[in-house]
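Below are two complexes that have chain A in common, paired first with chain B and then with chain C.
So, the complex of A and B:
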C-alpha cells in the first residue's frame, strides 16, 4: 500500500502539475456552481426543493456568523467568504469519502523505481496547498477587516507598540501569532482530513468488510466538524480584528 | 522550505487553489448568497409588514365594533323617540278627527232638522192648498147643485171640520 502525503500530479500543463486534489477541488467547484445556479434559477417566495435547502444552509450560516460578529453590517461583508469556506471545505472533506477517491487511478513508476497507484481523485482538503491557500485568504481578510474597521494606525499599534517594553513584546507575540495562524489553520484541517483518509485506507486493507463502516461514520462527522472549526475560527479572528486593542490588555 | 516541499507544498499549486477558491467565492456570491439573502430579507420584511398590518386590522376591528355599538345605541334611542313621537302625533290626529267628526255630525243633524222643517212647511202648504181646493170645489159643487137648499148646518159642519184639521 502506498500513501503519499502530497497530492500527485496526474498530468502537466507546461510546467504546471495538475494534481488529483486540484481535480477534486475543481469538481467541487463545478458541482457547487451548478447547484447554486439551479437553486436560484427560479426563485419563489415560498421556497421548494433545492432553493429551500440552500436557504436553510445560508440562513443558518448567516445566523452563526451574526451571532459571533454581533454586527449585521460587518456580517454581511464577511458572510460570502465564511459561507464559501464552510461549503467548500465540507464538500471537499465529504467527497474524499466517496468510494473511488484514492482507489481509482493509474499505475506509475515513482522516483524510487516502485510501481505505485496514482489516484485520479484526492480530497481537496487532503492537500496542504489547498488548506494553506484557505488559511492565507483568512489571514489576509482578517488584516483588511482590522484596518478598515479601526484604521491603519490603531491596527498597526496592535503589533508595533513602543509605549512600554511589555507592550512591545506583546506586539511582537501578536505579530508572530498572526503568521503562525496560517500554519495552525492549514495543518489542522489537512492533518484531520488526511489522517482520516489514511485511517480508512488502512482499515479497508486490513478488514475490507463491515469494520471500516464505523470509521466512515466517524469521518463524516470529522469532516463536518473540521469545516465548522475552520469557519468558526475565521469568524472569531475576524470579529477580534475589528475590535481595537484595549489599553488595559 | 524543504520540509514544506516534502509535504507537497508548491507555490504554483497554492496560488492555483487560491484562485480556484476566489472564483468559487465570486460565483457563489453572484449565484447563491446575494439572491438568497435578498429573498430572505424580503420575506422577513414582508412578514414584519403583515404582522403590523394584522395588528392594525385588529385595532380597526375593535374600533369598528365600538362604533357599531355606539351607532346601534344611538339608532335605538332615535327609534324610541320616533315611535313615541308617532304615537303622540297619532293621538293628536285621532283627537282632532273625533272632534271634526263630532262637528260634522252635528252639522249634518242640524241640516237634517232644517231640511225636515222645510219639508214639513212645504207639505203643510201643499195640504192647505189642497184642502182649500177641495173646499172650493165642494162649495162650488154644492152651490151649483142646489143652492137654494143650502143647509146652513152643513156649511157650519164643513167649517168646523176644516178647523179640526188646523187651517
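So, the complex of A and C:
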C-alpha cells in the first residue's frame, strides 16, 4: 500500500506541475458552474427542480450566516464568499469518496526507484495547497472586513496596545493567534480529509468487504461537518473582527 | 534502534497521546451540550452551533498532533 501525503503531478505545463488534486478541484469548479448555469437559466417566481434545490441551499446558508452575524448588511457583504466556501469544500470532500478517486491511475517509477500507482484524481481538499489557499483567503478577508468596519486605528489597537503591560501582551497573543489561524485552519480540513482517505484505504486492505461500509458513511458525515466547521469559523472570525475591542466586553 | 524505526514509533506515540486530551475534551463538550439541550430544548439550535464551534477548536489540538505525526512519518 502506497500513501502519498502530497498530491502527485500527472503532467507538466512547461515547468509547472499539474497535480491530480488540481484536476479534481477544477472538475468541482466545472460541475458547480454548469449546475449554477442550469439553475439560473430560466428563473421562475415559483421555483421548480434544480432552481428549487439551489434556493433551498442558499436560504439555509444565508440564515446560518445571518444568525451568527446578526447584521443583515454585513451578512449580504460576506455571504457570496461564505456560500462559495461551503459548497466548494463540501463537493470536494464528497468527490474524494466516489469510487475511482485514488484507485484509477497509471504506474510510475518514483525518486526512490519504486513502481507506484499515481492516481488520476484525488480529492481537492486532500491537498495541503488547496486548504492553505482557502485559509489565507479567509484570514485576509477577516483583516479587510475588520479595517473597513471599525477603522484602521481601532483595528490596529486590538493588536498594538500600550495602555498597560497586560493589554500589550494580550495584543501580542492576539497577533500570534491571527497568524496561527492559517495553520490550524488549513491543517484541520486537510487532516480530516486526508486521514479519512487513509482510514478507508487501510480498512479496505484489511477487510475488503462490508467492514469499510460504516467508515464510508462516517466519512460522508465528516465531509459535511468539516465544510460546515470551516464556514462557521470563518463567519465567527469575521463577525468578531467587525466588533471593536472595547465594545466586546 | 534504526532511525526509521524510531521515527515510526515517535509518530505513533505523537498521534496516540495527542488524541487522548481532545478525546476527553470532546466528550465533555458533548455532555455539556446534551445536558443543556435536555434542560432547554428550545435553545437547541444555538447550543448546537456553539457546540460544533467548540468541538472544532478542541479538535484543532488533535490536528496539531496529527501534523507532527505526519511530519515525522513523511518528511
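The criterion applied here is as follows: the second predicted complex is superposed on the first by the 246 of 249 C-alpha atoms of A that agree within 3 Å, B and C clash if a C-alpha of one lies under 4 Å from a C-alpha of the other, contacts with A are read in each partner's own complex, and residues count from 1 in each chain.
Keep in mind that, in the parts below, a contact is a pair of C-beta atoms (placed from the backbone, for glycine too) under 8 Å apart; a residue touches a chain by one contact, two chains touch by 3 or more.
Because the structure is a prediction, the values reported are computed rather than measured.
After superposition on the shared chain, chain A has more residues touched by B, the comparison being chain B against chain C.
Touch criterion met: A:5 reaches chain B and chain C at once. In the superposition on chain A, contact is made by A:68 with chain C only, not with chain B. Of the two partner chains placed around the shared chain by superposition, neither chain B nor chain C is touched by A:174. Judged by the touch definition given at the top, the superposed model places A:195 against chain C, while chain B stays out of reach. Counting contacts by the rule stated earlier, residues 5 of chain A appear in both its interface with chain B and its interface with chain C. Considering their complex, residues 5, 64, 67-68, 184, 187-188, 191-192, 195, 225, 228-229, 232-233, 236 of chain A touch chain C.
Considering their complex, residues 4, 6-10, 12-18, 20-25, 27-29, 31-33, 35-37, 39-40, 42-43, 46 of chain B touch chain A. Interface residues of chain A, counted against chain B in their complex, comprise 4-7, 15-17, 19, 22, 25-26, 28-29, 32-33, 36-37, 39-40, 43, 45, 47, 51, 54-55, 58-59, 62, 76, 79-81, 83-84, 87-88, 124, 127-130, 132-134, 136-137. Considering their complex, residues 45, 49, 52-53, 55-56, 59-60, 63-64, 66-67, 70, 73-74 of chain C touch chain A.
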